[in-house]
Structure formats: structure tokens, C-alpha cells
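Should a chain be cited, it is by its letter among A, B, C and D, assigned in written order, with residues numbered from 1 in that chain.
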């Protein structure tokens, strides 16, 4: 498939799916996976990204990761493309996960830089080139400097975009100058997706191709509607929807003031809405009862507002 | 003046003016100041911000800073509001600079956090509240975490916006999630200006009030036109102008790959276009001849393109 | 075993063993493991630590890590205690590695904080307490903030030292104030080992219990002699030996000026001395020929000097 | 004066003097300066360093800094060398302060890197070389990466040590590997002083020349005795004194868990002991009453213990 076709294939809202976990020993909640996949696909999303940061990939055992790939692809059953996170500090394990993804019918793989050793840009370039050579699905770069300690510099992305198997980048840096620079320098044949949902509308209007937005686990239709409004440049609609996205961001993802408040808030809200269980893998723990009650109150309010605008 | 009126007063393109310096001992180039002020005012800018990061404020002696305030206000002569940077590690010196600004006829002062000691958010809040109490011009907060080591957190800004004398914030973090959160939480009576010119268009479309853009020293009309296009939501015009802004950003501000390439590139380009001398205060030095020749070639190319679209 | 006995059991020089790799596909070099273990044990080391940062643990596949645990324990055959790194972002995988270590006859396990998500100190405390509950070998904390993005704060260590299964800490921060604070606050029943070989002598004199020194892979007898001199407070001997340790540090670990120069220099020098192959796992690559020639020249010089003093 | 003689001149305990401030408007407490100088000189210190981080230099106005230089030199009256901090972001102001220091009879000046703009090592090298050319007192480098955002790398120090006017370095990084590397590479004619008092004993034993220790404001004789014990390698005496130094560090400098706890604790303790007023310059504020009571209780306990061992 040519890169041009690929780019089109991966535009839109592609939620970074949370990983539903059972409370007993944090094993995979298989019913939760099926339920969440239906919620997302029926919500109109353009793809599903599993085993990202929101999916707590690095906290899961390898066997859990494998099972999740298989079960998600089976549940999705080709209705939308599945992107699989293969981020790991060991390139062997990344390649192994990519092979499982390929066999399961996934459409692409996504890799953040190795995150233990500090790398230089040249070392990073060589790592990605080598990884792209060894996986047999199209590869997205994943920029996540707060978690990996390294930014994939603009110049490095431009060089990596030359590799026939590297088709795009998901940027979770929130750095809009970085994203705009990539939009300008890689106008064609490279897919640029933004992580933070707060800026999906503006990046799509300025040349981005979509959003990998955690909140779409909660209200997929809201984020799809915002994406469509941005494509249509319908500003009154954008404003109406953006307000709700910002309300989720500023009220749900900030409960408790942890660095992990985003994840805890998101999973707590999913549980409050009855979508999936809220269990979180170590090293984190779920909200306590008081925090959880706060999340419940807020998300119920927001749920009503979302229903009104859709 | 009510905050509402103030906000209107500070919308638009407000270039962070570079400080023209003579080569002999890096004293102020008075003719350069006058010439640059005319260039900017005739270029249609909505205000002028002196003694910011682009103005190399912290590298200048106090007497040079004072002289610059007086000379700029005199040259501007009330045609547009002048904003004066009073950022300092010593609050006494900040207050003294604010008094000079007031006396010279400036419209507002701008302060980044004290940047030597590491502060907590509560300490930062108290510092700004105290500063706002002691200056007799409206105060803009200035978020510049890469240089000050501290982010003025969203919650802190929201609390500080309650102070009657704190009227807005200039954000140079490039973090668009941060900026969107402030746009959402401070919808009225607080002026939100963005530093990086690469994202002025998008932030203005999403609720921001203007750009404090270094490149406007070079081509003030270009940035004013982009701001107007963003206000008008004229996307074909935005795209045309944004491309030039991005060409300046990706070709001029990256020569030499220094951390200081932005400043060196900007002053080098100003010199190449004959606007002001390119001398830079220590701890930096100007580009060497080879780098300078590269800047000249590129900016001449861009100058022609800018002339074509305006 | 009481903590007091344990502390004694883990004092001295405990090299963080490099992982010998074959060049073909970077699989484990079994002969290299045996050879290196003999080199170390005959060199008089007091223990061997595998799967640390120097052992490139995070770059290795799980099957390679398992094989290394088994083969090292077999080769050591009880002559010195084996400590096994179980650092991982997934606590399940850490626990699994600890079980393999236990079964193989290892004496203790060592874990750095999970290194993808940013944790708060309270989250870190809970993580370690839970991990210590679930492994059935004594646990060493491993402070490595440059790689994990988090410092295990002094107060957190003091709280964790209350857990009956947490017996010590290896500190690779190079922060001597941190180390001294722990020496002062945890005088009894807690083993404090220092990573950087440049400061083993001084920390041992000031209350530390030993060094987990990478250079001991090269010249185990040199580091053991320095440890003994520090214990004996024999300053003329310390000075003589410390000079050689510093020559290795400043000449070998700095070739090429990479962030990864330590690892590349160490493996390059091991190869130059014919101890083990110099292959390095991705994301790194070995030195190029020019850099390697430099390493060879220097280490041969140093080898002669080391022979003279021992 | 040859560097060799200079090094001897600056060995020992050189307290970074706190700046006594009046409560009214935080102007200089002239009586406090005189009283503190006597306390230090009679305590046997080998020099006095004013306008360092502990002296809150960057928080003081220029006129306060000037007055402090004059008054301290007058009060010391040649009994010990006075070192003057000239750290500033503006090299002109640093040079001006150095001229005042020279005129007042100071023995040397001390400069940390400019701390607003981020510099590269080459830019830092050029800055220091230029500064050393322009001041007419011997210059100490001052490494303080937590506050300046830049480490003066080992290689840069080695290059700067070639300048005839650069005579030493004060290292407040707490990184003992860094300090050991400098001790090894700059064995002769370069004075290496360590900031954190917790590691003065060990660095002096390993080749350092003294300590610029904040706690010496409280108990100068204690730190002088520890320095002498380290020079004499009298380990039982070192242990006895080091325990008190660590008690001050772990109990006084940690009250309140602020980033600024060191400064607040030190000034609070000085006030509790009746040595000088505890007022702190903005952006900080003194401890509240509850915290202050805690400091009083602890320092009174320690005061008794210190008296017993001296």
C-alpha cells in the first residue's frame, strides 16, 4: 500500500484504548474488552490504538499484552483498523509483539523510543530505522518525551520519514510548535496524529490528520463530532464541542493532583459510566472512595451535557 | 480601566522587540531603536513589548534597560501601547523598572517568575500577588518554563487572575494544552497572548488574543496579516501566510543548531535585511561568517516571498 | 536470616556484570558468561550482580534474561552470592524473574523503580512495599534517577527500610549528600552500596558497605584492593589505587562523548583485554573502529599500570 | 601571586555568609553583618564568601549587594580573605560588582554561569574566559546546576583552568563523581571547594581543599574542627563531628519540605540562636510560627551537643 493511501487510512479519531482489568489479579477482563470495542466502534471511531500509555502497556505482563492484541483484533473483526503499541526497551520484544499483531490482523504498529537508557538523536534514528526494517506492519513513531526522557527531534522525524515502512507519528508532547513544524515539513505521505484531546481541533485545522484521544474511551461520538467539525471548519460547532472536551480535561483529569490523575480519572469515569471496570495496574492504584465519588458526580453532569449536544 | 477594556487594548500582534546594540561595547544603539520602532509601528503592530527574552533583557545592564524604556516610549510616542519586561530575580529591581516604565508612559509591565531559586507554586503565587500589589501599571504574567525552570500552573494562573492588577498572561511554553486550558477557564477579562509565532493562528482561532512573535521584528505586516486572517477565519489566507511563518521558523531559527539559534538567527536576519545591527549581548555571540552567509541567503529568498503575498 | 547477617553478607565489591553477547543475533554468549564469572570470582569479588544497568537488562529479551540467571548461578556455584536485577515496568514480570532467581540459587534481588510512568513518592513507596511482599528473596532498592526519572527520596528509603524483606539500597545517583544522609539515618541493619567506582573509597570510609563498580569487570583485583584499603584506612594505598580507578573513568568511559560512552567504553575495553566479546544490545551499537583503537591503546597502558600495583 | 600560593590561601572552611536583613523593608542589617562577621572570624573560619546562593545574592537589589560588599570587607578588616559572588545574567553587572569588590579589599570573586538563557558548553567556556579577562581579582567558577540549569562539564573546567586568572571552583552539585574527576585531573594549582557540608570531610580526604558550608554560619568551630580532623585523618573525631553535621542537615534543613527548606531552616536557626535576624528576601518568606518553633526546639538540642564535643 502506498503511503498516501495509508495516511488516509489512519485519519480521524483513534482512541488509545484503556485496558480493562479484572480486580482479582489484574488479569485481562475479556468481557470488558469486547464491551469497550463495541462502545468505540459503534461510537464511530476511525481506528483503535491498543497498548499505548493510556492502555498501561508498560505495566502489563507480556502474556497479558499478547492476549489483548488477539482479543481486540477478534472483537474489532476488521470494522476499523487496529494499531498496536510495541513500545519496549528490548527491541526483540517489540519485534515479537509486532509479529503477534500482524498475525492477529492489526493494521499498524506504534513505538515510542526505548525509555530506560538515555539516547542521542543519532542513536534514536538508528534504532527506529532498524526497528522499521524488522517489523512487517507499517510503523508509527510515538513521541512521548515526558515518559521516555527523549524528544524525537523534528530533524530526526524528517529523516525517518524516508523509510518506506515508517508512515506517521503520534505526538503526545503537547508542544504545538513541534507539531506545526512537522505539518509544514512533512506535508505529504506522512500521517500526523496528536495525543492530547484538548488540541485535536486546532491541529486538524492546521494540517494534522487526527487525534489519539483518551477521552474518546468515554464519549467516542463527542470526539468524532469534534473532528468532523474541525474538518468542516464549523466554528460554532467546534466551540460547543470543545467546551465539553475541556470540561472533561479540567475537571476529570485533575482530581487528586497526582501525576497519574489523567489515568486514574479516565478509568474512574469509565467505571462510573458503567463502560468498563476501573482497575488500574501497578505501580498505580485506583482512586480512593472520596476521589471516586467526586469523579462520579462530575462525569454524570458531563454525560448529560454530552447527550444534549450530540 | 476595567479589565475588559484592557483586554481589548492588548489584543493582536505585539512583537517582543529585539534590543539594537552597538558593536563597540554593546551599548544601546539609539538610532537602531528609533528605526526599529518605526518599522514596527508602520508595519501595523498592535503594541510593542520590550525587555522580553527576545529583547535579551537579562543580559543587559540596568542602565541599558532604563535607557531602552525611555527611548522606546519616546519613539513610539503613544501610537501603540508599550509593554515593558520587568523580569528579575530581585523584586526590588522589578518594582524599580516598573516605576520607570510608568513614568515613561508605558501601558503595562510583564514579569516571568524569578529564575534562580526553584519555587513551589504557593511561593510563586505569593510572589506574583506581592509584585502586582507594588507596581502601578497593569501586570502580565509571563510563562517561560524553559528559561525559568518553573511552569506557572493553570491553577496558579486562575488564582492570580483574581488580582485586580493582573490582566493577562504571555505563554512561551509552546504547550498548547496549557494554553487551551487557560482559554477555557479564563474566558473573560483576562488577556492570553502566545509567544511562539508558529502557533499564533491556531491559538487565536481557539480563543487566544494575540501573538508576541519574534518574527514580527522582521516582517511585522506578515504577522499582522496572519492575525487578521485568523480572526476572520480565512483559511486559504491563513495557509498562505502560515507557510511563510513556518519557513522563517524552520530555516532561520535553526541555523547552527544552538540552543540560542532562534536569537542568533533573528538578529542575523534583521541585520541582513538592514533593519538593525545584529550584535548580541553576552553570554552569546553573533553567528560566524559562514552561518551569517547562510542566513543572508535564506532571508533574502523569504523576503521576496513575503513581498508577494502582502 | 537477620538483616545484620545479611548486611555482612553483601559487603564489598559486587561487580555489575556485563552481559556477554554473541555477534550473530545478540543471543547470550554462554562461554563468555562462564569465562567472565571465573575472572570475577578468581579476582576476589564479594558477590556478582547481574541484570543491572551495566548488564543492559532492559535491552534484553525475557528469555535472554532467564537464561542469564540460570547460567550465572550455575557457573558461580555458590562461591559468592549472586544478586539478580528484576527491574521492570511490569511488576508481574519482576516477580516472575525473582522466582527464577530464587530457583536458580541467587541470594538477593535488586529493583530500580518502574521507569515509564512518572510516580510520586507515595506511589513509589506502595510499589516497593508490594514488591517486597511478593518476592521470596531479600530485596535491594536501586536508586538510578538519571534512567528512571525518579529519585527514591531519603524519607522514602527510611520508611521502606522497615519492611523485613528490604535489606539495602544500591545508589547510582552519584549524589554523595544523598548517600551520606542514608548512612547517617540507617546506621544499622541496612546495606548501602554505591554504584560509581570513583567514589567507592570515600563512601566506604564514611559508612558505606561496598561498591557495585562496573570497572571491576575489567580488573576485579584492583577494586577489591581499593575496598580493602578503604576499610583499612590506608591512605597511601588508597591514593595509588584511586588514581588508576580515575584513569579508567576519565580515559575509557569518555571516549566518543556519548551518553552511552560508559557502556561502550567498558565493553570495548573488556573485548580489548580478551575477557569477553564487546557486542552491545540495541538501542546502542559498539564503538566504530577508530574509537575502538583508541580504547585498545588506552586500556593496554592501564593494564600494565594495574599489574604493577597489585 | 602564583596559583600555588593562591590555592593555599583559599583552603579550609569558607562559610557562604547569609545576608542579615532588617524586617522593615528587607534592607541590609548593618549591625547583623558586623555581628555575624565577628562570629565567623572568631569561630576560626579560613575565609568568608558573600553573595552566594546562601547569601540570597540574586534576590537582593544591586545597591544592597554593593553595601554588603563594602560593609563585610570593612568588618573583616583583612583578618581572613573575603570572596565575593558576582553571579549575574548580565556580564556588565558582574564586572561592576567585581570592581567594587576589588576596591573594597576582597581577595577573589566567584561566579556561577548566567542562569536565564540555556547555554552550550562552548558558549559557557567563552563566557567565563571573557569574564576572567575583565575582572581584576582572581576568579572562582561556581558549579550550581540545580539553580543555573547548566553543569560546568569536567572538560570545560579543565580548559578554563588554563586561564591565569581562574584559580578554582566551588562545586555545589553534590555529585561526588564530578568532584573526584576534577581532583584527579587538576591536581595542582587549582582550588577545589565543595558546597554541601555533608561531604566536606570525604572530599577533603580525597583531594579537595575545603568546604563552603552553610552550617558554618551557625557553628563555625564545628566545621573548622571537622575540616581539621579530615586533614589529620582522625577518624574517630571525624565520626563524632560528622554526626552533628548530619543532624543539622537532616533535621534543620528539612523542616517544611520546601525546596527552600535549607535556606529557611538555616536562617530560622540563626535567629533561634540569636546570631542574626531570620528575615528572608522575596521570593521566599520565613517559616511560619509552627515551623519556627520546631526549628527552635531542634537547634537548641543540637547547640548543647555541639558545645560538648568542641
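We take it that a residue touches a chain if its C-beta (ideal position, glycine included) is under 8 Å from a C-beta of that chain, and two chains touch if they have at least 3 such contacts.
All of these numbers come straight from a predicted model, not from anything done at the bench.
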| item | value |
| --- | --- |
| Least hop count linking chain B to chain C through chains in contact | 2 |
| Graph distance between chain B and chain D, where chains that touch are linked | 1 |
| A-C against C-D, pair bridged by the larger set of C-beta contacts | A-C |
| Equivalent interface positions on chain A and chain B, same or different at half | same |
| Farthest chain relative to chain A (centres taken as mean CA coordinates) | D |
| Whole-Å gap between the CA centroids of chain A and chain D | 49 |
| Cα-centroid distance, chain C relative to chain D, in whole angstrom | 35 |
| Chain-to-chain touches, reported pairwise for every pair that qualifies | A-B, A-C, B-D, C-D |
| Chain D-facing residues of chain B, complex | 26, 53, 58-62, 64, 89-93, 96, 113-120, 123-124, 126-127, 130, 146-149, 258-260, 281-285 |
| Contact footprint of chain A on chain B as seen in their complex | 154, 174-181, 184-185, 196, 198-199, 201-203, 205-206, 233, 235, 242-243, 246-247, 249-250 |
